[in-house]
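Alright, structures below, take your time with them.
Note that chain A is present in both complexes that follow, paired respectively with chain B and with chain C.
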Partner chain A sequence: MADLGRLSLVTCLLLLIYAVAGGSFAAWKRKRRLAQSAQNALIASFGVTIIAAVVLMSALARHDFSFQYVADHTSRELPLRYSLTAFWGGQEGSLLLWLLVLCGYAAAAVLTTRRVARDLLAWTVPVLAFVGTFFAFMLVFVSSPFATQRALADGAGLTPSLQNPYMAIHPPMLYLGYVGLTVPFAFAMGALLSRRTDERWIVATRRWTLAAWAFLGVGQLLGAHWAYVEIGWGGFYAWDPVENAALMPWLAATAYLHSVMIQEKRGMLRVWNMVLVTLAFCLSIFGTFLTRSGVVQSIHSFSQSPLGGWFLGFICILVAGSILLIVARLPLLRSKTRLESLVSREATFLYNNLLLVALALTILWGVVYPILSEAVTGQAATVSKPYYNFFLHTFGVPLLLLMGIGPLVAWRRASLRALGRTFLWPLGAAVVAGIALLAAGAGSSRIGVIAYTFSVFVLASIVLEFVRGTVARRALGGVGWAGAFSSLIARNRRRYGGYVVHASVVLLAIGVTGASAYETVRESRLKPGQSMSVAGDRLVFRGYQARTESNHRAIRALVDVYRGDKYLGRYRPGKNQYFAEDEVSNEVAIRHDPLTGGDLFMIADQVNTNGSIDLKVLQKPLVNLLWLAGLVFVGGSLIALWPDAREERRLAARYADAAVRI
Partner chain B sequence: MTAALIVGVVLAVVSVLLVALPFLREPTASDDRLVSPDESQQRRLGLAEERDRALAALKELEFDHRTGKVSDDDYRELVGPLRRRAAETLRALDVRATAHG
Partner chain C sequence: MARRGSPARLVVALSVAAVLAVFLLYTSIAGGGTPVVRPSQLDGHHGRVSLMGQVVGKPSGDAHAGGKRFRLRDVKGTTTVTVVYKGTVPDLFQPGRDIVVDGRLRNGVFVAVPNTLVTKCPSKYAPKR
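After this line comes the complex of A and B, so read on.
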């Protein structure tokens, strides 16, 4: 079976090389059949990658330890669901997933646009295939998941923290996001290479970009929840380089999604959009490099890693190639229109862009600095939470405010009188909220009060947008309130879907602020029968309970929680001892409070031999709004992604008028 | 092993066939040029994009005016140039269409 896997990957590599070479030649010499043939090669590469993926999946399911990858990442006692998800639990499998998703995206992009954007696609195909060639090359020559050995009796098992249901969904979501950013990048480069810098590349990739961005966002939230319930340190985001790896491209893509609207509406920021789409893609490749090269652990593991140098070289080629191409095509990217006023919707989009990019780049510097300092001085400098928090507050809080200001400001320019009218209610709501928060004692955290006050301002401005829009739509006549509301959204899904996404960011901000600025932490050593108090709740330790599962031994502390005299339930924080992996994991217990949205988070820090426990308890107000934000984010993204027949007709008319097919 | 090899060979043959399909379908194509918009079509496309932008901007302005984001004075000042621009692009497209027709 391993031979079939290897053969599939070699075939995939050959097909992709052909798509690069044949596709480039066809685009250069304007050869129609050769261009179609290159497109077919790209589609076929998806087929053969599926075969490779099926081979690996089947080896994982069968515990075929003659596959080195299977022996390194699974064991006989590992439940089947985790054996299957070990597909992306290691380096080789992750690279195969990258290639699989990329070839899938590429095939879908070709099939959906091949009849309508031929001239653009001619150069887009070689770019997509070039990225795919790199990953196929790595899988064939550098890091193969199909390396074989004499079958072992048992495997090394899977890292305990990866033995979690989130493993089934979080990495694939992230990869759908990371890899999806290749499509807008490839079309942008295709547009530059073919000198077709009209808006067709944006129109062709609008949904792909939005989908990739949404997947990346959802993937990160799932990762945060995974960290929260599984890693056992009491938080959801640790500014770990691997976490930052996903955040940076998402921020750049968020900036791009906003600025591309300015290009569509005003014909401005054409160079900036090319830069942003390149930045988002390069950061997604950089993220893969960070997680796969070992560079995060140390410069030594990077130099020993077979992948590091290749990835670095690939990133350099991408960055240099993109910059050269953008510079070479600058005359084609000049905008005819200029910003009319610094107080306008497009100006707020621009400020939002600058803040998003600044945040992404400061995070990038925080990730890169320890690596560079270790390379230069031999000593890795530490960039920790205070650095990131400082920049999150510096750039993130104004960003939050801008989300509320943007919708209230008119396009082109806004007069003071109009601003006064539109700002009145949101500003009033924010002031009332600020006073109420201070009166309620929230002033213990200045940043907390600011974030909550801004959040109220943003939510009020979003609600006001829906209300004013519905009233205006209804005033046109012919529809009731419900009809006016639904027609308002249906006529501009991207705008109103965007507002729903903004609302989800506000929920996220409220949750993050509550769980960090207003968190209570208590630690105590308890013997059976002893208790501790945390933020009004009393926790009584009753003793231990142990049980043995197929691949681990679980020990659980029995903790009864009371509020006053009311018994709230029994919770079981503890530890798992994994046999094959020879590792211990923290298994936390969480009491959700549906009324307040807060959590009581219990960690069995130390299970002592004398029967006592070192119990760490965190009370996290409003933290569940984070997960609610995820659902709202998905809803908003779906509204924005939903096909818009009116927009399709408008575009069809545009291209019919111009006598071209998009 | 044999089964794997057979599947592998089938895979390779299918891939080659798929890649060769455009040439197998049309062994001697009368016109093998890749179609792309000519200069005139490119200009028309630019104009059509400009027209759509102007019309969308007019709609936005109307909506912003109705929802109170744009004052009456600002509206009166902004609507004229936008209408002119929309009319100009429409006219330019008509001229080109007539020239083509």
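After this line comes the complex of A and C, so read on.
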């Protein structure tokens, strides 16, 4: 079986090399049949990668310990579901998943655009295949998941923190996001190489970008929830380099999604969009370099591996190639129009872009600071949470405000009088909310009050947009309020889907602010029968309970929670001792309060031999809005992504128009 | 005819300048980062540092009472230092693991800042063969 896997990967590599070489020659010499052949090779590479993936999956399911990878990441007692998710639990499997997703995206992009944008695709195929070739090369020559050995009696098992249902969904989502950014990058480079720098490459990749961006966003939220419920430290984001590795390309992609609208509407920012799409893609590859190279300290600890140098070389080629190409095509990228006023929709989008990119770059600076400081001074130094929080507040809070301003400002030029009328209600709501917050005692955190006041302003402006749109649609006649509302969204899916995503970001901001700025933490050593109080709740420790499962022994503290005299329930924080892995994992207990959206988060910090417990309890107000934000984010993204026949017709007309102009 | 300056360029230039100003302000107020050192590099560092190394020997004491004591060795070396730590101990903390902890050297003992102990995950990614 391992031979079949190896053969599939070698075939994939050859197909991709052919797609690069044949596709480039075909595009250069305008050989239509050869170009089609290169496209077919790219599609076929997806087929053979599926075979390789099935071989590895089957070996994991059968516990075939003659596969080194299977022996390193599973054990006989590991439940089947975790044996299967171990596919991406290790380095070689992760690379295979990357290649699988990349070839899948490439095949889908070719199949959906080969009829409508054949000329654009000519150079896009070699670029997609070039990225794929790198990963196939790594899998064949540097880090193969099909290395074999004499079959062992049992495997090393899977790290306990990875034995979690989120393991099935969080990494694949992130990969769908990371890898998905290859498609817009390849189309952008394809457009530059073929000198077809009109808006078609943006139109052709809009959905791909949106999908990759949505996957990356959802993947990060799932990771945050996983850390929250499983890792057991009471937080959801630690500014760890590996977490930052996913956030940076997402921020760059967010900036890109906004700035392409300006290019589509006004023909501006054409160079900027090329830079942004390149930045987003290079940051996604840089994230992989960070995680594989081990050059930066991370709690995700990726041992020093030989992949780092390869990835660094690949990034250098990508960055140098992209910059050279953009510079060479500058004359073709001149803007058709200019920014007419600093108070206009496009200007607010530009401010939003600069803040997003500034945030991404300051995070990047923090991530590479240890490497740079060591190179310059000979002594590595790190920046920590205060550094990141400072820049999150400096750039994030104005970004929040802009989210409320941007959609209400007119394109091209807006008068101050019109702005006053437009913002009367959102401003009024924000002022009332700010006063109410201060009266309620929320002034203990200045940044908390500012974030909440701005959140109310943004939510009010979003609601105002929906109300105005619905009223205008109803005024056309023939429909009731519900009909007007649904037709408003159906006819402007991208715009109103975007507003829903904005609402999700507001919920996220409220959740993060509540859980960090207004958090209460208490720690206490308790003997059975003793109690502690946290933010109005009383917790009584009743003793321990232990049980043995197939691959671990579980010990649980019994904690009864009361509010006043009212009994709220029994909760069981504790620890699991895993046999094969010889590791302990924290198992937290969380009491969700559906009325307030807050959590009572209980950690059995230390289980003592004398029967006492060191109990750590965190009261996190509004934290559940963060997870609700994830659902709203998915909803908004789906609305924006949903196929729209009218829009398809508009795009078809634009393709035809652009082709004529060329 | 001379080309008129674009407001977009002005916005970009002002924004870049503002970002740099904020950055310089931050670094001048907050100073640089925390130095990351190995046990063999501790001499000469009197301020707060991030100490990185491998736990050797059996830890003793109580992290929630008098403090947990353990020895930390250079990951690739033999120099060790005694660490005293109070606060939450990560699940993965045990002899043989690489850790990072903040603190400062006092009379030959590294006194850690409470709740700063981070254990490097034994990794989903296999060590170099």
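Just so we're on the same page, the second predicted complex is superposed on the first by the 638 of 662 C-alpha atoms of A that agree within 3 Å, B and C clash if a C-alpha of one lies under 4 Å from a C-alpha of the other, contacts with A are read in each partner's own complex, and residues count from 1 in each chain.
Just so it is clear, a residue touches a chain if its C-beta (ideal position, glycine included) is under 8 Å from a C-beta of that chain, and two chains touch if they have at least 3 such contacts.
Just so we're clear, the structure is a prediction, and the values are computed from it rather than from any experiment.
After superposition on chain A, the partners chain B and chain C are seen to fit next to each other with no clash. Contact with neither chain B nor chain C is seen for A:466 once the two complexes are overlaid on the shared chain. When the two complexes are overlaid on their common chain A, residue A:544 makes contact with neither chain B nor chain C. In the superposition on chain A, A:43 contacts chain B only, with no contact to chain C.
The vertex angle at chain A, taken between the C-alpha centres of chain B and chain C once both structures are aligned on chain A, is 140 degrees to the nearest 10.
Of the two partner chains, chain B is the only one touched by A:422; chain C is not.
Of the two partner chains placed around the shared chain by superposition, chain B is the only one that A:3 touches, whereas chain C remains out of contact. Distance between chain B and chain C in the overlay is 19 Å (nearest C-alpha pair, rounded to whole angstrom). In the superposition on chain A, the residues of chain A contacted by chain B and by chain C do not overlap at all.
Residue ranges of chain C in contact with chain A, taken from their complex: 6-8, 11-12, 15-16, 19, 22-23, 26, 30, 32-37, 41, 50, 52, 62-65, 88-92, 98, 100, 118-128. Residues of chain A touching chain B in their complex: 1, 3-4, 7-8, 11, 15, 18, 26-27, 30-37, 40-41, 43-44, 47-48, 51, 118-119, 122, 194, 196, 198-200, 264-267, 408-415, 417-418, 421-422, 465, 468-469, 471-472, 475, 650, 654-655, 657-660.
The residues of chain B lying in touch with chain A in their complex are 1, 4-5, 7-8, 11-12, 14-15, 18-23, 26, 29, 31-37, 41-42, 44-53, 56-57, 60-61, 63-64, 66-71, 73-74, 78, 93, 97, 100. Contact residues on chain A toward chain C in their complex (touch as defined above): 72-73, 89-91, 94, 158-162, 232-233, 268-269, 291-292, 297-306, 338-342, 347, 350-351, 354, 358, 362, 369-370, 373, 379-384, 386-387, 390-391, 394, 523, 525, 575, 583-586, 603, 605-606, 614, 616.
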